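To keep things simple, chains are lettered A, B, C and D as they appear, and every chain counts its residues starting from 1.
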Amino acid sequence: MAWTREDMAARAALELQDGFYVNLGIGIPTLVANYIPDGMSVTLQSENGMLGMGPFPFEGEADADLINAGKQTITELAQSSYFSSSDSFAMIRGGHINLSILGGMQVAENGDLANWMVPGKMVKGMGGAMDLVAGVRRVVVVMDHCEKTGAPKVLKRCNLPLTGAGVVDLLITDLGVFEIDRKVGGMRLTALATGVSLDEITAKTEADFIVAL
Amino acid sequence: MAWTREDMAARAALELQDGFYVNLGIGIPTLVANYIPDGMSVTLQSENGMLGMGPFPFEGEADADLINAGKQTITELAQSSYFSSSDSFAMIRGGHINLSILGGMQVAENGDLANWMVPGKMVKGMGGAMDLVAGVRRVVVVMDHCEKTGAPKVLKRCNLPLTGAGVVDLLITDLGVFEIDRKVGGMRLTALATGVSLDEITAKTEADFIVAL
Amino acid sequence: MVQKVHADADAALAGLLFDGMTVMAGGFGLCGIPENLIAAMRLAGVRDLTVVSNNCGIDGFGLGILLESGQIKKMISSYVGENKLFEKLYLSGELELEFNPQGTLAERIRAGGAGIPAFFTKTGVGTLVSEGKEIRNFDGDDYVMERGLVADLSIIKAWKGDHEGNLIYRKTARNFNPMMATAGKACVVEVEHLVEPGQLDPDHIHTPGIYVDRIIAGARFEKRIERVTTRPRDTAPAKDAV
Amino acid sequence: MVQKVHADADAALAGLLFDGMTVMAGGFGLCGIPENLIAAMRLAGVRDLTVVSNNCGIDGFGLGILLESGQIKKMISSYVGENKLFEKLYLSGELELEFNPQGTLAERIRAGGAGIPAFFTKTGVGTLVSEGKEIRNFDGDDYVMERGLVADLSIIKAWKGDHEGNLIYRKTARNFNPMMATAGKACVVEVEHLVEPGQLDPDHIHTPGIYVDRIIAGARFEKRIERVTTRPRDTAPAKDAV
């Protein structure tokens, strides 16, 4: 047993607070929007230049001028605003976004994150990921705990090229939750996924961590 | 005899070209707007955040939200646009303004300009003058040739604190017109004011200059 | 639900003021200044302020009233020529003053809000402004390094604002307000028209609500004009461009 | 009178193109791209282009058509994952590629247009992006120095534009267009609606006309969508935020 994608998204949603401005990455992070508690006001930023992302449009109502950073068609809300890419990343770099939730390939115990390139494979580019992890106040990574091959992804040091050095505050995997002190370094295991034992997660984690369940 | 303020403004207006975007300083430079030839399109920038300055409002129609950099009430034109101070000076610093015409206290033969402070006197501040002379493509200074005391203002080196070093392209005084090569340094006298002799202007100028009448 | 709308200027500033703080105040001259919030700061009596503002109001209005009450320790400005009290306090040593070129001041504030700790500009090279600062040559020209600027609080004036803090400025009253809104650890805004979300076109918003912590409908806008300059009705407009 | 309005994309680009030039092209994905001007560049056959654009279109559309014709020598982008031909050309060494983080790319262009030759950012510190660049500590944090970026030509898409070149963008089609308009030695714009001066509210203009050298009403806007993502009509909207 372990957490599903939906479970991980639901866990990540616990990081939201009323009034937060949040940037969600592609994949599991996108699902977090479905778990915003009723009555909580969370504004979603899309780094291509929008605050206040609304739901997908109804069939037949897609607007070519209104897409999110994943290039999907979206809609606007009453409180939405649009701005340029430089204004959008000024907002991100300037520390005005409360929370960024994004996917990862590898996370290290010092808070390093790799999620943009695998040497030898075609590199698509980092897009806005480096800016988000460097600028957003709190960075949450959601990813599978291991490769499909079983190789660990929660490491002492990343061996893939970094997206950011010492940038991750919280790591949510299908096996559990780790807090990371990105200033001093050091991981603390704070939750186990349903049906996952401490032995299992320890066996599947290369990084050192303190158990703080 | 010598040129009047109006004569100097008219001479400065010869520097205008169709399609130019121009920033005019306070004083004589402001008068240049009255000498824009018919049929020539010149857009005036006000560094507090406006392109396309219109004339003063009719009596009773002044708008507190619409002033120029001299804090006078003005009006807008059909092609006007407004922007922030950072956008305005991005425009200036980025070299997008064709011409700046401003007043001076001292100009040196190397193109140095002093026009913002006199040590020992209360200093009001440089406002946007340093940005304008550093960023605008062509800088024209219009000023009296001498102090009221008769002391020269066209100097080998400025003795007042500079507004910009090597920034002046053209100097128009009540006695004549000098071109300045601001890269290599060096002044060329290209015109004498009505009734002014070469002897008179030479006597009243400390700077070295080549005569190119 | 986080409530950004506050009842009045006093309520909007409550808990945000402390002696020795740095405050950015929007406006150019008296145009686009947060006059209600300035008045509330005077009443609150907070002292030893470092104020970042292009100008310092006039005697008896705008930031001038904080000069009168002796609440300002230091000004960071580009031009202060409109204010006799300023001159007196400065010459007597009661007031510190740091002059920045207007464009450098604007860009320093923009940089502060945008997470840029320093940038290079040609403005001021070879003048007093660049003394003691790093000079560096890029592609044959010299530039001076200037630092980003942030404040504990920014006080902002907009024309319209909604409950989410989205703002629209009017004409040249925009000036320093949009950058300052991004560079304060807290940002309080007064607007002439407070509207419901959805009443501002998302394409027309100048300052997105993310930058605004608290917003009020200003109780009273005097909107004084420093230099009313007009022309008679019979003037041909074409030759009167300013 | 200087005439900015041109009859069509070919006329608007006439005399501005040369082999080996650097071109900035607005847009994010296929959203807000100057599709008429890109098509005209393909027809003009200009070669060895360095193209600054966040992405490189898709196979057969947008900048992808300049890849097909072999006109692009180098891309400066943040993400090129939508384009198979791109991958093929890159892997075979026929195409150079410089990746910039999206925000660094946006800011480099903004800086280029604003006369700022270099600035410091936290983005990319400790990654491949900062290799060979100056790293500097400000107030306890490390930053990397990035350079401003300019181009010989920028090609821009706006929603509305007037004869003076004042522009208004629509929704997320704004993206890179406003900064790029400021950073090209020449700037050519295509708009969906070309209007008379006075028809755009001066407070709503995103790009002032000073940045625009030539403007056309685009002949045809396909405005393709990469990923049409919709929801059925019976879905409760509140839980479908993206």
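We adopt the following convention: a contact is a pair of C-beta atoms (placed from the backbone, for glycine too) under 8 Å apart; a residue touches a chain by one contact, two chains touch by 3 or more.
Bear in mind that the values here come from a model prediction, so they are computed numbers and not experimental data.
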item: Taking each chain's C-alpha mean as its centre, the one farthest from chain B; value: A
item: Centre-of-Cα separation between chain D and chain A, whole angstrom; value: 27
item: Geometric centre distance via CA averages, chain D-chain B, whole Å; value: 36
item: Of all residues in chain C, the ones touching two or more other chains; value: 107, 110, 114-116, 121-122, 169-171, 174, 202-203
item: Touching two or more other chains - residues of chain A; value: 76, 82-83, 89-90, 92-93, 135
item: Chain pairs in mutual contact under the definition given at the outset; value: A-C, A-D, B-C, B-D, C-D
item: For the chain B and chain C complex, residues of the former touching the latter; value: 24, 30, 33-34, 36, 38, 44, 46-50, 53-68, 70-74, 76, 82-86, 88-90, 92-93, 112, 122-131, 134-135, 161-166
item: Interface residues, chain A side, partner chain C - complex; value: 18-19, 21, 39-41, 43, 45, 51-52, 76-83, 89-97, 135
item: Sites on chain D touched by chain C in the complex; value: 107, 111, 114-122, 136, 138-139, 141, 143, 147, 168-171, 174, 201-204
item: For the chain D and chain B complex, residues of the former touching the latter; value: 1-2, 110, 112-116, 162-164, 166, 182, 196-198, 202-203, 205, 208-211
item: Complex contact set, residues of chain D against chain A; value: 28-32, 54, 77-82, 87, 90-91, 99, 101-107, 109-110, 121-129, 159, 169-179, 206, 223-233, 235, 237-242
